[in-house]
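What follows is a pair of complexes built around chain A, which joins chain B in one and chain C in the other.
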Partner chain A sequence: MLKHLRSFVKFSQLHGQNTSKMMRTFSSTVAQTDEKESVGFVESKEDFKWVERLLPPSRIPNPPKHASYPTQSGWFPPSETLPDKPYYVSRNRYHLFPVTEIEEDISFEPPNTPEDEVEVVEPQILTTITNIEGNLFELAADLQEAVRPYSEFDPVTSVDEANCVVYVKGKYQHIIEDFLGRNGF
Partner chain B sequence: MQKTLVIKAVSSRVFLASSTNVRFAHAEAGIIPPNVILTGICKEKLLNPISPESPPQHPDECTAAIVRNCNNNIQLPKSAVKKWVDNFSSLKPIFDEVACLNPRLFDVHPKMDHLHQVVKWQKTYREVDYAWTRTRAEIGKGKRKPWPQKGTGRKRQGSTNSPLWKGGGIAHGPRGPLSLFYKLSDEILLSGLTSALTIRSLQNDLIIASPMECLPEKDFFLKMLANRGIESNSILFIHNDNDSPPALGDAIEHSRTHSMMPLCALNVYSILKHDKLVLSMDILDELEDKLIWQFERYDWHVKPHNFYKDMPGHKYGDRDSLIGAS
Partner chain C sequence: MSNFRNVISQLPRINISSLRPDARKRKTKLNPIKGHERPRSNIKPRIGFAFGKVPFQKKIPKYGYYRETHLKRQYFPFTLWQLQNMIDMGRIDPDQPIDINAIANSRVFGMLPCESTYFGVYLLSQGANIFKAQVNIEVQIADDLAIAAVEKTGGVISTAFYDRMSYEDLVDPVGFFMKGKPIRKRLLPPQELITYYTDPKKRGYLSDPALIREERNRFAMQYGYDLPDITKDEKYEMLCKNKDPRQIYFGLSPGWLVNLYDRTVIKPELEYLQKYSAL
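Entry: the complex of A and B
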């Protein structure tokens, strides 16, 4: 009997007929419902607000106004008046000082040189300052004097005018950040 | 015998009395030699030239009404860039209103190397090199050894298709379509755009027009330009994405040196190609929001996706405004 049922279902499915109707005739326990009355649904976008509040923001917010500065992490905002210097160093998009320590690899060998002939050149350890406007050379001179008490040797600075970047030889990120903070940048 | 030069503008060509053609040359009234007789349109143009009206003061120094303020915060040390707002519906310019522009877009230290890189990219990223040469296998000539290995006094040769032979294959030639597509980083594209905009604004080549629509009368457009002194300049007009000014479009349609495009088509190559840049007032907000957002957004971790809120010009779930859609 089951075998007949299965083949009957397959036949009706092949011809696209509603099998449930066919099956109903063989069982007496299935409730009879009208097929023309569809269930229907309503589309609503009200609950999307629960998703929207979880979506991340794309834009970095401005920091709120605190009661006192510096904050617990040591952050303070730039001063609202222009500092009395011939240059200006603005904050980066994260509201931090634009000072980074880099190791610049200045060695160059053509590929496939044997190890004996490779010149061992140590990478340059530099501190870079970006987002500068105005007289870069004055800033470099001021940074030299700020760094002098902490360095073994005479401090060395380098200026890249086309890209508005100042390099200081050595790792002096915290010292330079203090210097910029003291001057209200 | 002194030759008299009769200048008669007939479709802007000049005829000498001795029947040789000379191109019409713009000459100021003081430079025209005495043996020249002017007739026709040239007489009007040369003897009654339209002198352009210049603004009475720099907008920074006067107290004109500020019609448009910057939407985003302006950081120290810069202040807003102020420009006179022009009205293209009036023949003569009226210097009444001033618009403020964001200095992060219009007052930037211009980087010429980035400008060059962006222009070069715009020219080459769409190019496909279709050069293709046949190798020795693809040349459909003889497969046979031309002469035996030994015995003849000639060099040993295996086939007539080899690259050594005339008419043979090319060993290391170009092979098929090669695309020159490459991507430039957002940083460089942004600095290129802002550099181009600042160069136009600093060199007095930027005009902000409040209604950018001109009247459809005959010759209104040319007279309007002449009154502003930009008759002989190539001009780029930028309008809103949805509305384009119809009368201005009709006036520009057959002009080689004037072009009009919506804000979404603004690019460095077009800005540099035209002498002057005209921005209509209603696009300034959108331009500022979109570019300042790029300066103030978080870094993409891997690549941009669409699950952010508050992105200008892009809406979550909107298929047409997907970023980086593959």
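Entry: the complex of A and C
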């Protein structure tokens, strides 16, 4: 459309015609009103309460106090008295136990090795416990005993002191959460 | 003869590392098979070209596996157990009507407005045996057992439709208010969903309230529980609250502007705008 306009302008300029009149026939046909309508409006502060309930919170809320625990969905808070153990496992920011199941990839080849040369290694299946303070080795020993009746082989644990993490080989999230709950963590 | 020895002793030792290849040597390698040198070039034909044969990508016929995926609607699976858990942990307030905004604000799901195929929430019946909260909840689809579980505890459930733009505005209201545009009117459901939302068995928002009351009694008989009388409940006023079919937010009408900075709501007084925003 613009290309057509430009060629038309050139043609009319060559022949000495008044281009501005010509251009107006190709311009937009929106009616331009000179008077602006003034819009009356009402500003209300009372209706803003409906907006406030739409705004999202900025922090994870603390759970409310219930009459009895565990709640309907099976949650209970940590005990008010400190458990009598040489370590302490605190809850995470969602008020849940800091236990997760992971599959760690332990192949050490650099990224661009061809497929024939890569050794096919199964990933390590581990259960991690974080947010630990105190004697990690005692916790690892206690977890071994807690997991022993459910595991086929001798349970294996590993301690990472620098990051305060305990790893248990296998998938034992529910068993470890039960153990921590029983001890009041 | 002595001069020869002096010259030799001053020259550097000959090593493999001290030698350099001849500059006059040929630059291109001879191919021993062909026997003579010819100019090499790395020009290859276009990707997929098979040198005259029918290529692999043309041999297999086309079929519309992904033909209408961009038009399909998706709903977030939301179980009764998750709802009970969110109420126990204080993420959702059961003393206010629950809609998609309340569920998104609890930040349990990643309900991003940019995910283009999601239209709402699907209430599933998993956890119906432990569900004990009294709520006024509005979802998009609900299982029959989930409806029965919510009504058994004295709650109210309804299913409502939000079109794509209204859903985005409701999930991310701050993003919408920052644009400075007036609130939209929620659209009515498309033809294929009208039968769902006018069905009292699914507690559709466009259905007859008298028929819904009948269905509540029928469900109680079918699933075997006593339907509590919510008119005598202290939460009756909250449980009765529901949105108009063309309204997106509770308490806010289409056509209004929200001023987050001054904390006010601007309501224009033009006649044609008032007609548009009339619910």
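We adopt the following convention: the second predicted complex is superposed on the first by the 137 of 185 C-alpha atoms of A that agree within 3 Å, B and C clash if a C-alpha of one lies under 4 Å from a C-alpha of the other, contacts with A are read in each partner's own complex, and residues count from 1 in each chain.
To be clear about the criterion, a residue touches a chain if its C-beta (ideal position, glycine included) is under 8 Å from a C-beta of that chain, and two chains touch if they have at least 3 such contacts.
The model shown is predicted, which means the values in this text are computed figures rather than measured ones.
*Asks:* Regarding the shared-chain residue A:D47, is it in contact with chain B (first), chain C (second), both, or neither?
*Replies:* It touches chain C, and chain B stays clear.
*Asks:* Of the two partner chains, chain B (first) and chain C (second), which one does A:L55 touch, if any: first, second, both, or neither?
*Replies:* both
*Asks:* Given the touch rule stated above, what does A:V39 touch, chain B (first), chain C (second), both, or neither?
*Replies:* second
*Asks:* Can you tell me whether chain B or chain C touches more residues on chain A?
*Replies:* C
*Asks:* Is A:C164 touching the first partner chain B, the second partner chain C, both, or neither of them?
*Replies:* In the superposed model, A:C164 contacts chain B only, not chain C.
*Asks:* Which partner does A:W75 reach: the first (chain B), the second (chain C), both, or neither?
*Replies:* A:W75: touches chain C, not chain B.
*Asks:* Applying the document's definition of touch, where does A:P64 land relative to chain B and chain C: first, second, both, or neither?
*Replies:* So A:P64 only meets chain C here.
*Asks:* Let me test your reading of the model: by the given contact rule, A:S90 touches which partner, first (chain B), second (chain C), both or neither?
*Replies:* first
*Asks:* Need the overlap of the two footprints on chain A, from chain B and from chain C, as residue ranges.
*Replies:* 55-57, 60, 62
*Asks:* Would you pull the chain A residues touching chain B in the complex into a rising list?
*Replies:* 52, 55-60, 62, 78, 80, 82, 88, 90-91, 93, 133-134, 162-164
*Asks:* Show me the residue ranges of chain A that touch chain C in the complex, using the header's touch definition.
*Replies:* Chain A residues touching chain C: 37, 39-45, 47-51, 53-57, 60-64, 66, 71-73, 75, 94-95.
*Asks:* Considering the complex alone, what residue numbers of chain C touch chain A?
*Replies:* Touch residues, chain C against chain A: 81, 84-85, 88-91, 96, 101, 104-105, 107, 127, 130-133, 173-174, 177, 249-252, 256, 258-260, 262-270.
*Asks:* Along chain B, where are the residues that touch chain A in the complex?
*Replies:* My answer: residues 73, 75-77, 109, 111, 113, 293, 295-298, 307-311, 316.
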